[in-house]
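Both complexes below contain subunit A, partnered by subunit B and then by subunit C.
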Partner chain A sequence: MAEFKLNEGRLQELITKLRDAGYRVVAPVEEEGAFVFKEVTEPGQARLDVLRTARSIKEWFFPRVEPTLRYEFDGSAVRCESGLPESPQKTVIIGCRPCDAASLPMLDTLFDWDYRDEYWFRRREATTVISVACDVPDSYCFCTSVGGSPEGTAGADLLMRRTADGGYLLEPLTEKGRAIIEAGEGVLELASGTEEVLVGEVPQRFALDKVKPWLDQNFEHDYWKEISYKCLSCGICAFVCPTCHCFDIQDEADLERGVRIKSWDSCCFPIFTRHGSGHNPRPTRDTRYRQRVMHKFRYYVDKFGVTACVGCGRCSSSCPIDMNICSVVAGVAELAESSK
Partner chain B sequence: MIDELRQKARELLETGEVDLVIGYGEGSDPTRTMPVFIRRPEDCEKLVWNKYCYNNLTSYLTWPELKTRGKRAVVCKGCDAKAVVVLSKERQIDRKNVIVIGMACEGVGEPLLSKCEFCDVRTPKNCDIVIGPEITPLSKEKQFEDVEQLEARDPADRWEFWREQFSRCIKCYACRQACPLCYCTQCIVERNQPQWVPTSAHPRGNLAWNVMRAMHLAGRCIGCGECERVCPSNIPLMLANKKLAQVVKEQFGYESGYDIDEPLPMASFMPDDSDELFK
Partner chain C sequence: MSADIYAPYLMRLEEIVDEAPGIRTLKLAFEDEAAGENFSFRAGQFGLYSVFGEGECTFCIASSPTRKGYIECSFQQVGRVTRALRSLEVGDTLGFRGPYGNWFPLEQMRGKNIIFIGMGIGLAPVRCVIWNCLDLRADFRDITIVVGSRNVELLVYKREIRQWEEAADITLVKTVDPGGDTPDWDGKVGFVPTVVEQIAPSPDNAIAIVCGPPIGIKFTLVSLEKLGFSPDNVYMTLENKMKCGLGKCGRCNVGNVYVCKDGPVFTAAELKSLPQEF
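Our next item is the complex of A and B:
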């Protein structure tokens, strides 16, 4: 497919073009010292050089709080109104990394499994994803250990790669991606084919094929206690994770009206599995953290055939006690190797 | 200092005085450390001490699974050790069963965390063992400067400031989990019959949670700043904590975490208590 060139210093013009074409543009934007995906109101806010935003792009498809139903009771009848967005705004997310983009097809499977989650899919359909290949990955990155790549294309509509002259090479991957090229006409030019692209290297940190067989056999293993005794049981890892998708549903209501709200939840919270009886099948830190690893590297593989981790490193970099999922899983791979 | 720390920890374990040492170990990156729980004398080599020893390890002291074990030792900076005083006063730990190893500290972080700029416990107080040289305390004269700056703004402006700050909360509860004084076995936000505090991370739920968290720490917060450090949304939680500390200091002449015998201001009534707060 033909590639296009965005010359140095012309990103803001491209963003303006996209906004003129009716797109809501979402990009990494600074917010109180942290970078998050936000709607760009001034083209200069977009920071495509940011490697790891505080949170992933999932909140643009699966918001942290989502009203799914509103209801009113007037004393005799109940009136309900769906919270489902009729036609979400046409949006382009620009500047996510290939790992974040890869989380989207992974979650498509989940949200279309026993029930098609229209909240997710309507936003997916209305959104174009432009990822930026990583020229300078860091020590938290491990995409290559979970089947990804710093220039991976999974889930992206268009891939941008940095060029040595300070510009970007744009490769449209889908119809939606081609529409971006069209909208950018006048700012983009046809690539010459001689551009030098800058793509960093992410060393492979563990052998993924060793992990699942060990997990299948070692639900009860001292390893879980050893690694997770210090976990604080907060929800940071799940909330910053591009693939964690568990949610809680609660009614916030009074006698006359209410809203049924879907909110992010985390398996590391002690209350996550607490039964009405008070019994909790995952009463301890190790059983909860084990669940986090098992879900990503074992159960999800059993159910959907893919590992539910894209190696973005967010959970590790933002963990208050420096729990590093890459080291944890590398430890599993080592145990698998040594127990042969 | 590190050799002395490892030596002390080894002695404590070898003599059986403690059966667990909670300290800092090597992190996944040179600029981080990770809490380590050490039970065998030979593992004391894993202990580290450097300017990246951020965590307040005293939050582990109230964990039910660790409470049942024998005597424990915990490595503390001066600020962290203040939490031991409060935990003991609030009857959450039996002080006799905890050996507090205080580390002389010139501040953590690069650049230094703001709490370290006004630190008067660089040589830790109320510890059983202090390791390292005597370090001159810093002046706390300007500790409330940021609170005063915010207070100088008009109320509508301040409201807008906090509304915006709290709107970024994602309800991960890391602030609570990292706090040594948030030890309730069931937090009020986890009481769901009825759900007293909305769990949703919408503006109303976030305001309720954050105000409640700060209020619950009034007269108790020792200023270790862990809540603010771990917040993935960079909400300046210490500004709220410090405001309450300032009120308590002005009204009751009390500063949390210093005096083991002084009554807790929010848990004791004195006939001469100021009525200023109830005007």
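Our next item is the complex of A and C:
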């Protein structure tokens, strides 16, 4: 497929073009000292050089909190209205990394497993994803250990790669990606084919094929206690994770009206699985942390054929006590190797 | 069906039955009659019942699919939503999503002896299949019902237990835990697993359906196994905490099995193969 060139200093013009074409543009934007994906209101806010935003792009498809139902009380009767967005705004996310983009098709399987969650899919359909290949990955990155790549294309409609002259090479991957090229006409030019592309290297940190067979056999193992001993059960790992999708459903109301909301949750919290009776199938930190690792590296593979981790490193870089899922899983691979 | 998988049906509370202290049965009718006519489910399936302003909670459908036009749920008041459910009055509106999950294998049960064992509020999902079988009585051979409770007062479905006791074609055994009897108690005294061993139903051409608290299930399975029941012929329901009921919210799994979609009905053999995390 033909590639296109965005020359140095012309990103703001491209963003303006996209906004003129009716897109809501979302990009890494600084907010109180951190970078998060936000709607760009001034083209200069977008920062494509940010390696790891505080949170992933997940919230643009599956918001942290969203109403699934709004209702009004009328005596003993109730009037309800679905929270499902009729036609979400046409949006382009520009500047996510290939790992974040890869989380999207991974979650498509979950949200379409018999029951199709249109909250997810309507936003998926309305949104174009432009990822930027990583030229300078860091020590938290481990995409290559879970099947990804610093220039992976899974889940992206268009891939941008940094060029040595300070610009970007743009490769459209889908119809939606080609629409971006069209919208950018006048700012983009056809690539010459001689551009030098800058893509960093992410070393492989563990052998994924060793992991699941060991997990299949070792639900009971001292390793779970050892690694989870220091876990605070704070849940930050789940909130920043692009593939964590566990959620809660709660009502909030006053005497006249209310909403039923779906909000992010975490398997690290003790009340996550606690029954009304007080019985808790996962009562301890080790049983909960085991669930986190098992869900991503074993159960999700059994159910959907893919590992539910993209190696973005957010859970590790955000953890207040420096727990690192990459080391944990690398430890599993080592155990698998040594138990041979 | 609505495109919104989280949208509830609106239900009208038709009748309230107080079963035991803190335990109540609600009979619900669909506010939209057409929706009610199109609604069908199978014994063992569950749903999410909601009180607007308070939230949703998960129970089995306790009425039989042979009884059309309404559904029933039985619940024990333990938290915010069950407290709110308990404060509803006849005529009030509530929400229901469902039916979800799998069901008891009525087809395989035909022509067999059926042993129902319900402990405490765990009698609710069993009651659904009991009435389902009784409404199709000729399809089944001997029907034995064992009901157990901590004490006489906490026994649920007292009126129905009386009916089953009086029916000529049902063997009904009721028991309360030691110390839970009253001077006028006319049932057995003893834990359900012990009582099951005493009455010793034959495992030949038989299927057992068991529901109750985890500890009760655990020991009843041991008793059934002693009697010669194959774990493939013992069915039960798991009741894990759920939020969506749709296989998405991520909390009801036992190993790689989602109780809301792969269950809630499992055979003892299936449960044995899972991580013991329920």
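We take it that the second predicted complex is superposed on the first by the 336 of 340 C-alpha atoms of A that agree within 3 Å, B and C clash if a C-alpha of one lies under 4 Å from a C-alpha of the other, contacts with A are read in each partner's own complex, and residues count from 1 in each chain.
Everything that follows uses one rule, which is that a residue touches a chain if its C-beta (ideal position, glycine included) is under 8 Å from a C-beta of that chain, and two chains touch if they have at least 3 such contacts.
What you see is a predicted model; the values in this text were computed from it and never measured.
Of the two partner chains placed around the shared chain by superposition, neither subunit B nor subunit C is touched by A:Arg205.
With both structures placed on the common chain, the touch criterion links A:Arg124 to neither subunit B nor subunit C. Between subunit B and subunit C, C contacts the larger number of subunit A residues. Shared-chain residue A:Tyr299: touches subunit C; no touch with subunit B.
Of the two partner chains placed by the overlay, neither subunit B nor subunit C lies in contact with A:Arg161. By the touch criterion defined above, A:Thr284 lies against subunit B but remains apart from subunit C after alignment on the C-alpha atoms of chain A. Once the two complexes are laid over each other on the shared chain, residue contacts for A:Gln250 go to subunit B and to subunit C alike.
By the touch criterion defined above, A:Ser82 reaches subunit C but does not reach subunit B.
Once the two complexes are overlaid on the shared chain, A:Arg52 sits clear of subunit B and of subunit C alike. Residues 248, 250 of subunit A contact both subunit B in one complex and subunit C in the other. In the complex of the two chains, the subunit A residues touching subunit C come out as 68-69, 71, 73, 76-78, 80, 82-84, 110-111, 113-119, 219, 245-251, 253, 258, 260, 262, 265, 267, 272-277, 279, 281-282, 287, 291, 294-295, 298-299, 302-303. The residues of subunit B lying in touch with subunit A in their complex are 27-29, 32-37, 55, 59-60, 65, 165, 168, 170-174, 176-178, 190, 192, 195, 198-202, 205, 226, 229-230, 232-235. Put simply, subunit C touches subunit A in their complex at residues 2-8, 10, 50-57, 76, 78-79, 82, 89, 91-93, 95, 213-214, 239-241, 243-244, 246-256, 261, 275, 277-278.
Chain contact summary for the complex, subunit A toward subunit B: residues 31-34, 54-55, 64-65, 139-140, 229-230, 232-236, 238-240, 248, 250, 252, 261, 263-264, 266, 269-271, 284-285, 316, 318, 320-324, 327.
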